[in-house]
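Each of the two complexes below includes subunit A, the first together with subunit B, the second together with subunit C.
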Partner chain A sequence: MMASDPPVVSTPALALWRSRSIGLLLLVAALALLPPLLLASLWLKVLTGVAIYTLTAAAIALLYRRLGLVSLAHVALMGAGGWVGLRLAYGLGTPFEVNMLAGGIAAAGLGMVFAYPALRMRGLYLALVTLMIAGAFAIIVNVLQFPNGGGGWSGFAVKSAGYMPRPAIASNDVGYYAYCVVVTALGMALIHWHEIGKAGRAWALIRRSEAAAMSSGVDVPFYKVWAFALSGFLAGIAGVLLAGNLQMLDARSFPAAESVMIFALTIVGGAWNPVGALIAAALYRLVPALLNDFGVNGDAAYIIFGAALIHALATAPRGIAGQLEDLASRLFGRSNGGNTR
Partner chain B sequence: MIEIDAVTVSFGGVTALNTLTVQLDAPVVGIIGPNGAGKTTFLNVLSGFVRPNSGRIHAFGRELTGMQPHQRAQWGLRRSFQKEQAVDELTVEDNVRVVLDSLPLSRDVVEDALTGALEFTGISALRRRSVAGLNAFERRMTELARCVAGSPKLILLDEPGAGFSQSEVATLRSVINGIAETIGARTFLIDHDVDLIQATCQRTMVLDFGSLVTYGETASVLADPKVRAVYLGMEET
Partner chain C sequence: MKSHLWGGSAAIAVLLLLSAGSAAAAPSCGLNNGRAATGEPIKVGAIVGRTGPDDFSSASRAAKAYFDCVNANGGIHGRPIEYLVEDDQWNPEVAAQVATKLVKDEDVVALVGNASFVEMGVNAKLYEEEGVMAMASGCAVAECFESKNIVSTNEGPLPSSVGAAQWAVANLGSTNVVCIGLTIPSVGPYSCGWVEKYMQSKNLAGTSVLLDPSAADMNSAFLEAVASGADTVLVNLPAGMAAAFLKAALESGQRDSYKWISSTPLYDRDVPAMLGTDWSGVMYVNIELTPIDGKGPDASNWRAVLDAFGTADDPRDTFSQAGYLSARFFVAAILQQDPAKLDRATVTEAIRNIKNYTSDLLCGPYYVGPGDRHMPNHANMMVQMIEGGYKIVGECMDVDSAYLDPYRANEKALGIVN
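Let's turn to the complex of A and B:
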């Protein structure tokens, strides 16, 4: 094959990478600034939801792609992050960014607790464990409720319906949408930064074979726990963003089924490509809203998603994003050298 | 010097290694024996995947018995597997870099170690290629580069030559022969290819049913009637 390229690639590749990162910055800016000019505020809220769930889907995809682990608890992790964020916002009045980090760290801690079963289990058994954790969270939060400015430890009061303050720099819907896009982009950059470094190499070996990873000096439990912590951290951040979007959270909107749905859509969207997370979130938030707009019950989306999942598992293991990538390379005649699998 | 002291491993009712006691002291030691003799189990005990029921392992004065597999790797133990374990989605370079990630080395030392390992195994030209596009031999050499990177002390190779052409095995042979001098590590080599064993191993141990049949100079071991009996399945008289 073409073995003549290695010596010459170093500087052009760097330039390409730079131009690519500038391109990505422009893309993020465009995503953050353009839609508000075109859309009514209801749709802007939906799009804010898309931006937030993109981060969740990216966090799920990280575990699936890198370690082959199925987590059906990410909406519960969002809820846990959101709970902590709300509690701090009402209890201490700390700035939004502090609440967001605290929510992320709390969910990362929970993620690390999930990681313990993951050290010994994979596949169906791990999925079942995470699903049960999601179910347990739904029950607990239905009892506790989300803090809404009430007193006591749980911060819930039936009558006082306070609103969570948004970040000072993004208090209106337009600003908050852009804020969410930027935070999500930063979160995905954090994932990418991990993947191209030491952690990414360790995860790649673990996915290939744990025996090979161990015999190459990789501390397998540590890197598995790390992946769960990172994934949980991002889900927790997404949870606080969600709390900021609605300025409150409803305990009923975190059933275990939602975690299953967002996982399924992450597979449909494509776990091997960042665009896949965006597609997953768009399907998750936009399709029901669009159906409602057409006068069809939004729950009909579940039927469409079920069919899409079967389609993805049967014919497109890399999801819609993978199909788009194939299409693009066919259209522009650009082979990607088989390095995106 | 690697000292194996009365190591016993049993899986259920099967004794895979039976009070194995041997001191392995050559630069390259061959391990041969019929299928099911306990060769791979022996490597698994050395790399820490299998905990022996009893017995101890010392290598260069350090007791390995209680160490985790990744700690043994960080100490200086490397191994390749019967089925090579190169990672498709990483470049050749990153496949090797993994092993250096866990060592407390400076950036420059890591780059030097990478370059050294890739040159030693003859795959420098593939450095930035994705492993997904490599042939079986290049993948095997990638795995071997991972084994020799980062100044290892002991390298375990489990049938590295299986399935390759004569010229490929010749390349493999010269790489294995260079390990002691260039890398400064001891090598244990399992292979069914007696020519490869003869050409690389100063000493050879023979296992059968988990027990040591003999250990000594490769030429005399291969000429030993007991060894021939083990291979041909004849009863000793």
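Let's turn to the complex of A and C:
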């Protein structure tokens, strides 16, 4: 159906990928295991948040990078995934992994519903639609609330909060941090796997020109919807991880403004490089925690974010990750052509 | 916000001038021996919602002033208290982070003066697992009163709103109360829900109108309240939102069709000026602690401590009183321990053993005990808003609610005399 695209999957690239994959595995293992040895409990808790939001930022970056789509609804998608995960945990007592997959699938379904307007709209109009969805979610969840062990289909009761069980293998903070790092790494591998495959080629064509993509036989609506589903799936997973982190969720954590913030920071971090998602999440969760720890008013983070966004828009269209990449290639004299747009 | 602060400072300045005579009295704290404590510090934590929708830190400011005063007066048998206050930013994730920092990294012996809308629900489990007690002062959520390791000096919205309704039924002849609250589940449905139950228990009518705090539409809330057919409106909202709601009610021209009562948030020195004269003589407010201009020893000492060790812009409100009192009770409890053996286990034990502590700032005795839930303070007073201030219209009255049954059973077992 689709013309094969040999240059993308050339042999040297595969070899590079293979050697890199071992390095990446080591990196993930180091990220998962080292911080608990070095850091105080506070920072482990903060880094757990960073790991979770890295997955969300990667999901947002996927849509932006591959299809040029702006989604301002990803924190709402996390909330939706978290809601389903909590509901299952309390209602059926299913294992954490099942809840996580169910949360991901539910958010993927929602993502596909979002994709419907995306088939017709782009740019500002799509961004506005997704922002409205985020707003609608904030209102709905404020009425429904997150399940806390109550009865009925909403699983909510006016009572002291219950606590959602964490995965059996990762019930303490140290284990849960490593668990989140591994799940996030798997999520990013899933994105990568899509990008080097058929879906990635289809997305690349769609981004260049929908008409051209259609004329080369790419099923444009299908691949657009698929990108939203994948992105939503990962955000939903991140939402259940977040629920497991606090062992509960609070409706006040999901205002529409948070979706806008994480999108803006994804751009600041850099949507063109996996490291960008990590930088975005660190800005989103680590910087406010650092400021708070230094005794700086928590709202000061917003000023920094604003400045960073202006900086990114004005001087670094590929974000901080892109700048770091340029710096590295300048320092080591190695061209990094594969990672540009 | 700024004008609010300015108004607050102006009001404090006026009060300072007016009370110059009594403020000259030296504060009395801890051992009260005038010697600065120099020993090994005892770490005590606090988590408050300082940045976010509202600044909810007045309790920890008062507790800090009291601890500074204790440190200047012999400390805990020579050991000073190192008071670590963290801001939860009204964010559950941040609340969990700062609690982990205080409890696990800093290894505080206890938390004193917590005031938050999010912290208690998120961290109750951590406190219990780590065996640390939180002597909170600004509790607004159900979890605060339904956890083994949290005890609060204030009452929270439930006794305050039920107390207001109870007083209105007895004194204003109310037969149908509509409670205006927030959708936050362990705040609005919790407190307004029990107001409804109270009204039903008296064969009267009660309804709730709950607002989304992030998108509150005061006009439609007021219309909903009108549609409920109530004769009395119980405003159970933070002060800023309450003012917006009352403005909508005033603009509709229907102020005089209803009796007006409120829970504690409308008891603040700045509120009468903020609402203007329209509500003078009309609004009755329930107060969780005794009046801020009380003449008793603790009321005077609280103001003296803040004057000497606090700053001029520290609020002098109910939560400040509660913060002072939590700190004072905490110090009284651990002063009875061997200072060399003060660690988390002995401090937790000392706090649990608190029994029949009294203060003129409270209507009843303060106690903790081994129970799985704590609400020592559940009697309250009523004041009427008058021009520029408040007038007491109802003396201390215990709250009549089935919600309190388990607490009363605990009291009976502990031998607490109300």
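As a working rule, the second predicted complex is superposed on the first by the 321 of 341 C-alpha atoms of A that agree within 3 Å, B and C clash if a C-alpha of one lies under 4 Å from a C-alpha of the other, contacts with A are read in each partner's own complex, and residues count from 1 in each chain.
By definition in this document, contacts are C-beta pairs under 8 Å (C-beta built on N, C-alpha and C of every residue); 3 or more make two chains touch, one makes a residue touch a chain.
Because the structure is predicted, anything quoted here is derived from the model rather than measured.
When the two structures are aligned on the shared chain, A:Asp219 is found in touch with subunit B, with no touch to subunit C. By the touch criterion stated above, A:Gly152 is placed in contact with neither subunit B nor subunit C. Contact with subunit B, but none with subunit C, is seen for A:Lys198 once the two complexes are overlaid on the shared chain. Once chain A of one complex is fitted onto chain A of the other, the partner contacts of A:Ile139 are limited to subunit C, with no touch recorded for subunit B.
Residue contacts after overlaying the shared chain place A:Ala211 against subunit B, while subunit C stays out of touching range.
When the two complexes are overlaid, the chain among subunit B and subunit C that reaches more residues of subunit A is C. When the two structures are aligned on the shared chain, A:Pro255 is found in touch with subunit C, with no touch to subunit B.
Once chain A of one complex is fitted onto chain A of the other, the partner contacts of A:Gly93 are absent, as it touches neither subunit B nor subunit C.
Common to the subunit B and subunit C contact sets on subunit A is no residue at all. Partner subunit B is touched in their complex by these residues of subunit A: 1, 3, 6, 9, 198, 201-202, 204-205, 207-209, 211-220, 337-339, 341. Subunit B makes touch with subunit A in their complex at residues 47-49, 68-70, 72-74, 77-79, 81, 85-90, 94, 97-99, 101-103, 125-130, 132-133, 146.
The touching residues of subunit C, when paired with subunit A in their complex, are 50-52, 86-87, 89-94, 96-98, 100-101, 104-105, 118, 121-122, 124-125, 142-143, 146-147, 183-186, 189-190, 193, 212-215.
Subunit A meets subunit C in the complex at residues 40-42, 44-46, 49, 138-139, 142-143, 145, 148, 156, 158-161, 163, 173, 242, 245-253, 255, 285, 288-289, 292-293, 297-299.
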